Structures are given as C-alpha cells and as structure tokens.
Amino acid sequence: MSAGPGLKLDVKDFSELFPQGEDLQRQVGSRRRKEGWAKYLFVFVLMLAIGALATLLYTIINSAFGITAVVNQVEPDELVAAAGYDPAITALEELTYDDLVGLLQVNVSNGAGRRLERERRFYEDRLVWESPEIFAELCSSSEPPTGCDSAPRGHSDLLQMVNERIVEPTVLDAWTLFDSVTRREAIELEILSAEYQEDNPGARPEFRAWLSWQFITSPQNPDPELAGVRTAILGTLWVIAITIVFAFPVGVAAAIYLEEYAKPNRLNRMIQTNINNLAGVPSIIYGMLGLAIFVRALEPLTSGAVLAGDAPHLVENGRTVLSAGITLGLLILPIVIIASQEAIRAVPNSLRAAGLALGATRWQTIRKHILPVALPGILTGSILATARAMGETAPLVVVGASTFIVQDPTGPFSKFTVLPIQIFQWTTRPQVGFQEIAAAAILVLLALLLTMNATAVILRNRYSRSFK
Amino acid sequence: MTGHATHTNTQNPFRKRRRPFEALVKAALFASGALSIATTVGLVVVLTQQALLFFFDPQVSLGEFLTGTAWQPQLGAFGIWPLILATLITSAIAMFVALPLGLACAIYLSEYASARVRGTIKPILEVLAGIPTVVFGYFALNFMTPLLRNVFGDATVQIFNQASAGIVVGILIIPLVSSLAEDAIHAVPQSLREAAYGMGATRLEVSTRVVLPAALSGITAAFVVAISRAIGETMVVAIAAGAAPRNFAFGDDSMLGFIVNPFLSGETMTGHIVRISGGDISYASIDYTSIFAIGLTLFVMTLTLNSISRRFVARFRETYE
Amino acid sequence: MRKRFGHVIALLSVLALVLAACTATEATTTTGENRPPSTNTPGPDPITDDGIDAATGLPVIAPIDYSGDIVAMGSSTVFPLSEVVANEWIDEGGPNITIDSIGSGAGFERFCETGESDISNASRPIREEEVSSCESIGRIPIEFRVGTDALAITVSAKNYFATDITLAELAVLFSTAQTWQDVRAEWPAHPVAVFSPGTDSGTFDYFVEEVFDEDDAPILGSGAQFSEDDNVLVTGIAGDACTEGDASSTCAVGYFGFAYFVENEDVLTALSVEGVEPNAANVDAGAYPLSRPLFMYSDAGIMADKPQVAAFLTYYLNNVSRLIADVGYFPAPAADMQSGVDALKEYWDSAG
C-alpha cells in the first residue's frame, strides 16, 4: 500500500492533517454510524440469500409431506367376505395364513405368483403357483433361486402383499404440508363431503410422508405410491465413486505438478491457461464429449467387453456407470485442480525450504510436508466439486442414463440411473403423486450431500488438527 | 549396477544422483496435468466435427450464423443472436443478483461473523450449492414467476420469462460467489487488517478499503467463474425461460420493449442444446448438427471471457509472502 | 477443534448406506441375473400353455421363463406406457429391462445408427431416412402400434366463452389472431396468449401436421410461448388473467397430451374440436380429430437373436390395452394393431 494522496512529508505538525475538536467528534460519529448501518446491511443481505435458499427448501418439504385423499381399489371388508367371514366381526388382519394365500391366488397373476414363490416359498411342504417339476429342476441347478432353501413367508409379509396388490390404496389428491397443518379439518371435511364422495366413493383422508424408509429402499415403480429411489441412490453412489476415484488423484497430481514442478515455460503456461478455461466450459458440453469419447469411441473399454473377454458382459453399450463417472470426473477435474493449487500455494514456503534443506528429495518434501498441510484445503475444494457433480443432470442426459431401470447397478459396467434424472423425470409427469415423490427424492439427494459434506468436515478437522 | 553407483558417489560426493523414482513421479504428475490438454482437444474435435457438417450445409452461411437475428431451423433461418441475447440477458440478471449478495455474504462471513456463525453458515451454503439445478428450475417457475407477475402485473410479465430464470440462476450461484470470494478475502494477510485497525479504521473501512482491494484479483476470478457458470447453466433456463428463441429485427422491434425486455420469454444457447438433444427430431437433421455449432460458440464465449479475466487478474494481482 | 456428535452419526450413516448398497446388490444378483440355463429356451410354458390371448390371438407369455437383457429407448410420450407394461413384466419375473426416455429422434438414432437398442419407442412413424440408416446396419424396422394419445385443446377454467373450436379456427388462433374476436366474431375481444409444446417434440410436429398442413411458419411467427414440459404449459394456461367484463385481460389457450388435462380438470377446460368432445368414447371410435398414434419398433433379426425381446413385445401387445388407461392414453383400434400382431404371429409360428 503506497502512501495516500495529500500526505505531505514535510509537515512539522501532523495534527493539522487530521480533524480536531468538534470536527473530529462529528467525523468519528458519522463513521461509527456508517459502521452500524453496514453491519445491519450485511446481515440483511445474508438473511436475504439464506432466505431465498430457505424458501426453496420450504417449497420442497412442503410437497414431500401432507394430507392425501386415499381410496382403496378393493375394500378390505369385501376381501374378508370373499374369504367366507363376516366383515362385521373379522378384520383383514385376522384372516389365517391359508385365507390370505387363497386371496392372493384369486387376485394375483400366475406369473407374479411364480416369481414370488421362487423368491420365497409360501409353504414348506407344497407349492402354490410353481409346478413341482420346474421348481425341483431349478433348485438342483447351479444357481438356485432364493425360494429353494429359505423359510416360508410369514403372516405379516402376506398381509402386506394383500394390501399392496389387492387393496391397493390409491392417492387421488395431495395437499401441501402447510395446508395440512393449517387447515387440516377443512381438508378432511372436504374429502368426506358428499360432493367429493360422489366422485370418489370411499375416499378417506390420510396423512402421508412421501419420504419414508419404504421410499428409500424400494426400486422404481410407475405407481407413485409404490415407487422408490433405491436404484437411483445406488446409481448416484456408484457414479460419484468413479468420479472421485478418477478426479481426485488426477486433480491433485496435476495441481502438484503445476505448483511444485512446472517451470514457467510455454507448455506449462498453456496447461494452466487451459485448466482455467476448462473450468468455465458448460457442463452440457462435457456431456457431448462423454458421448463421443467414452460411450462411442471407447465402447469396448467402458462397456466392460475388454475385461470380460469372451464371457458375456452385463450391457452391450458404453452407457455405463464408468462412462458417466469419468465424464463427471472430467467435468470437475479443473475445479479440483484449481482448488488444490490454491491449497498448495497457501503452504508457507518455509516448509518447503526446511524439507529440502534437510536433504529430502522434492517428492519426499511434497508428500511429507506440503500435502498434509494442504490436504484440508484440497478436500474442501474437491468436495464442493463432487457435490456439484452429484446434482448434474444435463451431461448425464446426453451421456445416457437410463430412465426406467429396476435392477440395481452392481459395478462400473452396469447400466444405471441417477437421482437428478429420476427427479427430472418425475416432475414432468401429470398424475397425482409424482410431484410429491420428486420432492421426496430431492430431500434424499440433499441428505446424501449433507452426509458427504459432514464426512468432509470430519476429515478436514482431523487433518488440520494433527498438523497444527 | 548399484555397486557401481555407490562407487561413483564416493568418487564425487557432490555429483547429482540419479533418482529414477523421482523422475517417474514427475512424469506421472505431468501426465495428469497434460490430461487437461487432451480434454480440450477432445472437446474441440467433437464440437468442430459436427459443427463443420452444419456449416457446410447449403442452407447455412457462416455470415448469417454470426449476424442473423432469427433462429428458426424449420424455416432455414440460423442466426445465433436470439440465443446469445437470451443468454446474455439471463446471465446479466443473474450476476446482478449474485455479485452483490455473494460478495456481501463473503465479507460478512470473513470480516464480521464470529467463528461459530461462520462455521454454521458456510457448510449450509456449501450444501445448497449442490442442489440439482432442476429443482431451481421449478422454483423459478412456481415461485419466482408468480412473484414477479404479482409485482409487475400479469400483462407485463410472461409466464416464461428471462427475468425469473435469471434471478434464480443468480440465487443458485450465490454460494459459489460467496465461497470463492471468501477464500480470496481469507488469503489477505492479517497484518494488513491489523495495520488498518491500528490506524483507527472501522470494520467497514477495513473491509471495503483494505481487504477488498487486496483481494480484488481473487474476487474477480470468482466473478468470472460465476459468470461462466451463469452462461452455462442449463436446466433453470430450459424450464423457466421458455422453449423458443425470441427472434427480432432491428428497426422493427423496439429495443427496450422487445429486444432486451427481460420479462419476455426467450431461449438461451444451453436451453436450446438440451431441448434439441432430448427432443423428437431426427439425428441426421440439420437441427441436430446446429447444436454443435451453438456448443462451439458457447465454448469460444466462455474461453474469451476467461482470457479477459486472466489478463485482468494478472494486472491487478497483489502478492504477499 | 470442537468435537461434534453429528460427525459420528454422519460417518455411521455413510457406512450404513454402503452396507445397504452391498446387501441390496447381492440380493438382486441372485434373483435377477444368472437364471439357470434350463429356462433359457423360449416357448410354451408348462403351466400357462393353455393360453392364446383372446384379443390378439398371440400366445400368452410367461415372462419368468425368459432371460437376458432388453433395451428400449425413445419417445418420452411412450415412456410412461412402456414403464407400466415393463413393471408388470418384471413383477411376473421377466428379465431385466431398461427404458430410456430420450425422445423419438434420439431413439431412432440409437436403434438405426448405433444399433444399441432392441426396441425403439416413438410418438411418430419412422421417417424414410431413418429406415434407410436402419437398413444400412442390417435392421428392417417392424412397426407395432401400441396406443393413441389425444391432444387436448385447453383454455383456463376462468375462460367463460369458448367451448368448441374448428380446425380452421385453430389455425387462426395459433397464428395471426391478436384477440379471440379475430377467431370467431361472437367471442369477446380478449387478447390471446398461446402455449405450445417445444418445436422438437412429437406433439408439436403432430399439431402442425394436423392444423397447419405441415407448415410450421404460422405458429412460429405467432408469438406463442413454448415449453418442453407439459406441466409447465398447464401452469401457463391455468395462470391467465381471463375475466368476464374486462376485455383487456388475456385469455390463454394451448394444447398437450390428454393425460395432462385429465389431471388438471379443476383448472382447465378442454374444447371440443369440430364438434367432437375429447373423451375416451370419441377417441376410441376414431371420431376425435386430434389423436395421435404411439408406436414401438423392433426388427426380426433382433427377435430371432433375443427371444426375450419377442416375448416382451408379445406380452406388451397382449396387455397394453388393459393398462393404457392408467397413464391417460387410449387403446389403439384393433385393426391398427393388426400388422404388429401379424409380425409376431409369424415369429411364433417360425419359432414353433
């Protein structure tokens, strides 16, 4: 900082440069007032920013929970009557195991019954849907289905099946959480009103948390009441794992090279400029790159065909977890590099000098002295970048994440879907319930982000503690 | 071999020893750095390949592409300006929101807030930076647009409009601006602040007259990253700004009333790309190759922006050791 | 450094997630993939072999007897329908299927150029250039008509005057009309706001074809507001300012898939077109003028290589008319589905 304007060096009495007496009082007073206002202004702005984000969160939570108008496809009483009991005396829950199997036999398709039986038998000693010959053949094969040696299903399992497949409660209308809390009675009255009942006989109000454990653990389903995000969560975790495995080591390595090794020559300057430029390239363009290179050109590699050799592999094209992971990896690579560079640059030069002076090689100095100190900074930057990758939709649409897939991804060469794509898909559907499960899926994604950030904070604190 | 090496070492203790491992490490690190060049080459090749197909199409002329003010592939009009203009308008609005708010947040967090407040708010901002942009898109449409229509009137504000998309993109990048700017502010040596406080400066004066100028290069860099992000933002504008380019004609259309009116709908470059690539059109068509030409333009734009900012940063950079 | 319990919990939840991921993965590997070879062969199933589907005359399929992947890609309009059918297919133990909602054009590209999909979903018939690129990779597309999507011409529920419209009036309304009076003299002079699906959607193509005779210049020049997302259009139309007595208030109009109208009947009104009310009976009877066909495409070679694809298509045609109402579309007339049914009959005859 150079000397301010108007400072005359030849003055004898400095006091004439500064206000005196009342002038001073006035000036100090006005500066203090400004200071006071400024603080309020800053807090106000911060609240404005956080308020905007809070409003956003509010709108999400608002639709993830709330009262719904539910109607059963088949009333439980009818089922009780069909099983030969008096609905006035017996409830559905009180039916025997055999009665429930009987209900399922009548109402569930043969194919579904066979699948359920192969998954888990209904009786120890006999089969309900599957033919004994086929079942015996299956069980003696090299990969017997789980139904061969697991214990028979229980009463509660069957009850849930009857409920989901036959009673099939369907949501007709959904109200927001805000409405559900403030006008609960009015909504309930509306659902039970004659007018509403005329259109939807048997409708009843029911509070529903669209975000539930069942939602998290179920696979995708076109029915919003049964749909879940398990496949999408696993897809997101797999893709992000590949992204981290790719971008973190490469990014940190590149940052070390640029900060510690690179001489300021043309080539290195070009690399640096180039990285800065890449950081500004829109994500959708990376999607185009991923499509052309990983999905198309390197297809044998990304589809797993090379590794699998002659053995049949999981999918026959390059639209795999691996392609998506590396595409997102390339997308966040410049951000990881730049953040790591900043962190490495912030390490005091004295540490470097000390290491080298003690006879350590350059790499030893970096590994033992510089990296440990820079790591917290590197982690923060990398995690912010990964969080961004997690919410990316556009490049994965181009690379080709699947929209409907119920099989969980099992490795880098699986087909997959991710949460943001699932969310995007659901928001465009007209039927009641899809907007609500989209909101619930957003909350799941946020929870994943929070978990990641929390892990980062732990790691960050840990490392900075041991090197302070 | 090893014996020989030891032998020569005893001969001349000051001779620089060969370290194959060190060389290997250096090579590996260099390769990682050079990967970015490969990425760029890949991007340029992929974009240019298809873009050339577009430019060699008899329907298209480069001159029209660069100067035309109508983008109507169905009618053979390929002037990129409607798309660029929408991109510029939404980005400008976004920056108008994000810069002051983000910077003020950064100053507050680093200069005013206690460690505890900072420790609470910073992670919140970081998490929110990860919300999928699709979510912000629906926020723009279902919250911001009705708000704008209430304030300015339904007649003025179209249901899809660039203002709403721009404001929400701005909100979306506040955490980014604040986080990057705060890092830059944080890097200003404490001694500068202490010197200013020692002279009797208030916190506001320290922040605005000492810290900000000292961190200017870092803050500028943060702004440029934010602008690039705003220009490249896709889902928000695709959902909330509209799905058709707003073609215009100089002379016929009024400047403020139509051409740069943010309350009208418009389609940005990214919005157009994502719409076409997810649309029902045939991939052999000129519509499809056109998005690569737009992608290339977008790439060149962000590139230019970055170069300008780096010039600026290099010029005003203050270094402290 | 402060210690926080939150960190421990967070770490635990990460562990839990990873564990859940592992167990879930194992479970599906055993049930989904790696079916024993004995069930690989296609053909009649000992239990359900009593059946020929009454409506189509095709064999009744037991999905559980098939294995291998099925990859379907294409139209986002057909997607919900395929999703519902695929869900039943999987519920009945059918092998793994993925459906990508990427648009008809992209679907044909992946079917005809890269050859990576087995089935292409489309909301428009395949174009000639697409057929020829298909042929160049040795695929001859077979068309399967699966259903019908009706376009609803809707105004907001606040609109108090419009109840019906002709195709000729639609052409005026979606192009040059400034006020509703320009369309029909007896209507009040409210300004018009026009909403349309994006220019790259099959819905737009279909509308232009029917109303403007394939010339999209008028609607593009009309100042219409476009969105790729039909829910967004609903928001736009329902949010107009249409008020009786205030001639300066804008009254909106737009068109989109009938399913979006059904779900928003409380805020929208659908207009009759050429005097025909848009409802299931009229669409089924082929009387409603704005109904568009939905298709799937596959190829005989693929079906021969992958019996599960033929089985899925057969299962699809047998069940689609029962399931289609769930997603808000209409069953295709049996006559239109016949060519697809015939192609599959040929397959089953030759497969024995």
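Of note:
Order as written gives the chain letters A, B and C; numbering starts at 1 within each chain.
Here is the rule we use: a contact is a pair of C-beta atoms (placed from the backbone, for glycine too) under 8 Å apart; a residue touches a chain by one contact, two chains touch by 3 or more.
Just so it is clear, the model here is predicted, and its values are computed rather than measured.
Here A-C and B-C are compared, and the pair linked by more C-beta contacts is A-C. The most centrally placed chain, judged by C-alpha centroids, is A. Measuring from the averaged C-alpha position of chain A to that of chain B gives a distance of 23 Å. Centres computed as Cα averages put chain A at a distance of 27 Å from chain C.
Averaged C-alpha coordinates put the centre of chain B at 36 Å from the centre of chain C.
Counting partners per residue, chain A has 397, 427, 450, 457 as the residues that reach two or more other chains.
Multi-chain contact residues of chain C, defined as those touching 2 or more other chains: 76, 102, 229. Residue positions of chain B touching 2 or more other chains, listed in rising order: 142, 277-278.
For chain A in complex with chain C, the touching residues are 109-112, 114-115, 118-119, 129-131, 133-134, 137-138, 141-146, 217, 221-223, 230, 233-234, 237, 296, 314-317, 319, 397, 400-410, 415, 425, 427-432, 450-451, 454-455, 457-458, 461, 464-465. Those residues of chain C that touch chain B in the complex are listed here as 75-76, 102-106, 108-109, 113, 123-124, 127, 129-130, 133, 195, 198-202, 205, 216-217, 220, 224-229, 232, 235-236, 239-241, 248, 250. For chain B in complex with chain A, the residues that touch the partner chain are 19, 21-22, 25-26, 28-30, 32-37, 39-40, 42-43, 46-47, 100-102, 104-105, 107-109, 112, 121, 123-136, 138-139, 142-143, 171, 174-175, 178-179, 183, 187, 192, 202-205, 210, 224-225, 228-229, 231-235, 270, 273-274, 277-278, 292, 295, 298-299, 302-303, 305-307, 310, 321. Taken in their complex, chain B has these residues touching chain C: 72-75, 141-142, 146, 149, 154-155, 158-160, 238-239, 242-244, 265, 267, 275-285, 287-288. Chain A contributes residues 1, 31-32, 34-35, 38-39, 41-43, 45-46, 48-50, 52-53, 55-56, 59-60, 249-251, 253-254, 256-258, 261-262, 268, 270-271, 273-286, 288-289, 292-293, 330, 333-334, 337, 342, 346, 349, 361-363, 383-384, 387-388, 390-394, 397-398, 419-420, 423-424, 427, 442, 445-446, 449-450, 453, 457 to its touches with chain B in the complex.
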